[in-house]
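Structures given as structure tokens follow.
The following pair of complexes shares a single chain, chain A, combined with chain B in the former and chain C in the latter.
On to the complex of A and B.
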């Protein structure tokens, strides 16, 4: 097992109170596992990624534990996290591409990034070149400015940089969402290749493109309103989901060929609860067609069959 | 009608602007009222550049964009521009860059109010905002009065869509507006766009998601390296893709029942079966520069040299 997250709670402090964006997820990642992370927008996916790297000033560790390859990850201790950040856990943030400094050449930016992590650019230069070529780029990208590269090229550069030190865990937050399908595919396949070559041991791939992540992921985990709804092998999530939210999410995905004029797809009526003061019990209750009295109690996230976890009273 | 009349865009790049980069070449198509046109193409193919030109954020280098016959580059003066923006608005790809981080996110609404809805009473305005948020499924209590960094990517993007809804516009440029949304919210937003279309709005829908493009659009334009390689009625382009690039894109669409390798194998088999009966060979075909040809009614394709099989 490479990652173990137990009841991790991280809230955002605001003037009006705590936003309970990450409210106790518990899951594990096996060695070599690529896990897709999906869920409603605002359900805490990026917060989970950020929590495993750095809590910014507004984020508050409330409880829970994280273990990586048997070592405790001190997410609450910003300084101690230096041993993990980038070296053992690496994050490609949402919008990493557009955050690239437009006035710096890629090479210079890389050198600065590495030096800031205490790594000598010269020492890794050879490996960097090798990997740049491996992802199908020319080493002269290092002499170019971000604006001169296409989105797919930039994303591949970002992937190479974030995994240069062979971290155990890579969290890729929406790395394919702005790309066209064939570039998405190339980027997704690069992720798999990085895993196969052991550049990274396990991965969390945050995405709204479930059909894309299904192509590469071993498992898919679904979040809802700061909590976990379901985690299972990728095929099971698609073919036999058990949580009502997952079911509705999957059925909202159009297959190629469906036309609005012929078949109007429907989303999930209603909206997720506010996280400032979330209701007691199952957070999907207000939108769930199966909700009943017992759902006023929070359902536990339990294994209903091998490797298939669900948080729903009706999922047995 | 929003018409792109052989539009090109050349950017000056390099240290002293000495090099040229042609981001769009001779793009020729139109967005009619009550019609959704999907613009599909790989990253860097010039989709956002086309959208930006329509919104006058980028200038047109050659050709012209006209709105009901008026060349938009001739619109001068605040009043005429404002009139134009009252009719044509855009929602952009990366929501974070559309906000000023030091202001609360809902300032984007206040700006619309002071520009276009001065006479509206507070109560009326609140109601307008509330119903626009409702349409994009945002809870006012969760998003109003917050700074951009306090909101998720999808929440910010939906605020921008709601903002565009506050104006009674005729044309909308929607640049990857759904990429940061979850599947169920995507469908809601798409259905919303379809409703707007039914009310007569023309929409330029830039997307990477072919399934969604197919779901909603009447016309499809496939852009490759700045040039249109194929366009026409959506059923034509999706149902009978002619250009090798279009075929390659369709083969990359992730599907549930098939992994990519299987789709590829099928494609190769089909191609093999096609040999002789058709002139198109997916993997080895080459593009030739030039105008599109009409392959059938409402279906245009850029001519290309059929590949020679190795």
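On to the complex of A and C.
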């Protein structure tokens, strides 16, 4: 088991109080597992992704623990986290297009970054070249400035850069959302290839695009309003979801081969609750067609089948 | 590269042409007649003598020709480096008058602008990462930038010059001395230089510090900085990048400042009766000295253009993005 997150709580500090963006998810990630992390905006999926590598200034660690390959990850301690960053946990950011310093040549920036982390650039240079070629780029991109590359090229460079030290865990945060469809596909396949070649051991792919993540992920975890709703193998999530939210989410996706001229795509009525002062019990209750009295108590995230976890009283 | 500079030079040439033309027009369309005022100064009673003098002056200054002829002659003599004869300091050539004033203006402004730029940027960069400094540098900076520089000049001249008596408050050197290369003269020069310098230095210091602070904060929150932090890069590296990138807009600001190196000190030079170009402008206007005014303006225009051109080149060296655009290669 590569990653184990238990009851992690990270709140956003605001003037009006704490926004409970991440309210105690507990899950595990197996070695070699690619997990898609899905949910709508504000569900806490990005917060979870960030919490595992670097809390930004507004985020406050409240409780919970993270374990990576048997070692405790001190997510609350910015300085101690530096030992884990890049070497054991790495990130492909949402903003990969602008993730590189515009006034440094890519190779020089890479060298400076590596040297600052105590890695000799000369020693990884060959591997870097190999991987640059693996993602279909020319080695001479290292002698260029980021502005000289197209968006897709920059994305690939960042992917190589982020995984260069073979981290145990890679967080890919909305990596495909700024790309066109064909590039999306290529990026997704590269992620799988990186795993297969053991550049990274396991991966969390944060996305709101379930249909894309379905193609690459081994499992999919759905979040709702700061909590986990369901985690299961990718196929199960798509074909036999148990949580009413997942069901509605999946049914809101367009299907291949269906013409939507006559039939309107349906969404999920209502909107997620505010997390400044979230309602007690199941947070999906207000939008849930099945809600009843027992939902006033928070349902536990339990394994209903092998590798299939659901947080819903009605999921049996 | 050649295309880029070719285009730049063309634009600069065009600007120069327009500026020189306007520059030629302004004094001529100003109300008043310089020859008349010279005659008044001579206070001749005999109208015939007065007419003879008027004709003489008109021909010396070339004012008896049609306007278009004057304009063409102006360009012609400009290329020969001849800016005409000053009316105020008749018969000294304008170039000579200007050349006498230039060292004072440059000596005052170059150190003031460059030092305030360097120190302001350093302060601003430090302020961006220290709460304590931020809370002191920022308010002081705002007060300084908001201070009209001639007001600060007056304040300094009054407090340190007249009341305190630490520094002389007018002129470029003591009236008892004549320019020579001696310890006495140089120290007098420095004493007279200090207050005008200080007033210019202080006012621009605040602006640079605030600008740099804001730029650094912006850069430290940019996405590349976030990415580096997520990968555990040390602060030193991130700050180095941020500082370098924040310098680029500051460099543009410096270019603009350097361009106005001469005109900017007009009021300071008047307050301290400092014999630089700004002081000359005032004298030229008061004495309706077309040629001197023209000459000074021309000098300023050339200064602005040259400074901008230099910064264009520097920019190409420090910012790869301009280099790429120049080759038309950005995709």
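One rule holds in what follows: the second predicted complex is superposed on the first by the 308 of 316 C-alpha atoms of A that agree within 3 Å, B and C clash if a C-alpha of one lies under 4 Å from a C-alpha of the other, contacts with A are read in each partner's own complex, and residues count from 1 in each chain.
The definition used in the following text is that contacts are C-beta pairs under 8 Å (C-beta built on N, C-alpha and C of every residue); 3 or more make two chains touch, one makes a residue touch a chain.
What you are looking at is a predicted structure, and each value in this text was computed from that prediction instead of being measured.
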item: Which superposed partner A:214 touches (first chain B, second chain C, both, neither); value: first
item: Which superposed partner A:54 touches (first chain B, second chain C, both, neither); value: second
item: A:93 touches, of chain B and chain C: first, second, both or neither?; value: second
item: Partner chain(s) touched by A:274 [first = chain B, second = chain C, both, neither]; value: first
item: Which of chain B and chain C A:113 touches, first, second, both or neither; value: second
item: Most chain A residues touched (candidates chain B, chain C); value: B
item: Which of chain B and chain C A:103 touches, first, second, both or neither; value: second
item: Which of chain B and chain C A:244 touches, first, second, both or neither; value: neither
item: Contacts of A:180 with chain B and chain C, given as first, second, both or neither; value: first
item: First, second, both or neither for A:81, with chain B first and chain C second; value: second
item: Chain A positions touched by chain B in one structure and by chain C in the second; value: 95, 98, 147-150
item: In the complex, chain A residues that touch chain B; value: 12, 14, 19, 38-43, 46, 58, 94-95, 98, 147-153, 174, 177-185, 208-212, 214-215, 238, 248-250, 252-260, 264-268, 271, 274-276
item: Interfacial residue positions of chain B with respect to chain A in the complex; value: 13, 21, 40-45, 93-94, 96-97, 137-139, 141-142, 150-155, 158, 176, 179-188, 190-191, 194, 208-212, 214-216, 234, 238, 248-250, 252-256, 259-260
item: Touching residues on chain C, where the partner in the complex is chain A; value: 222-224, 226-234, 236-237, 241, 244-245, 248, 318-321, 324, 329-331
item: Touch list for chain A against partner chain C, complex; value: 53-54, 56, 81-87, 90-91, 93, 95, 98-105, 112-113, 116-117, 145, 147-150, 158, 162
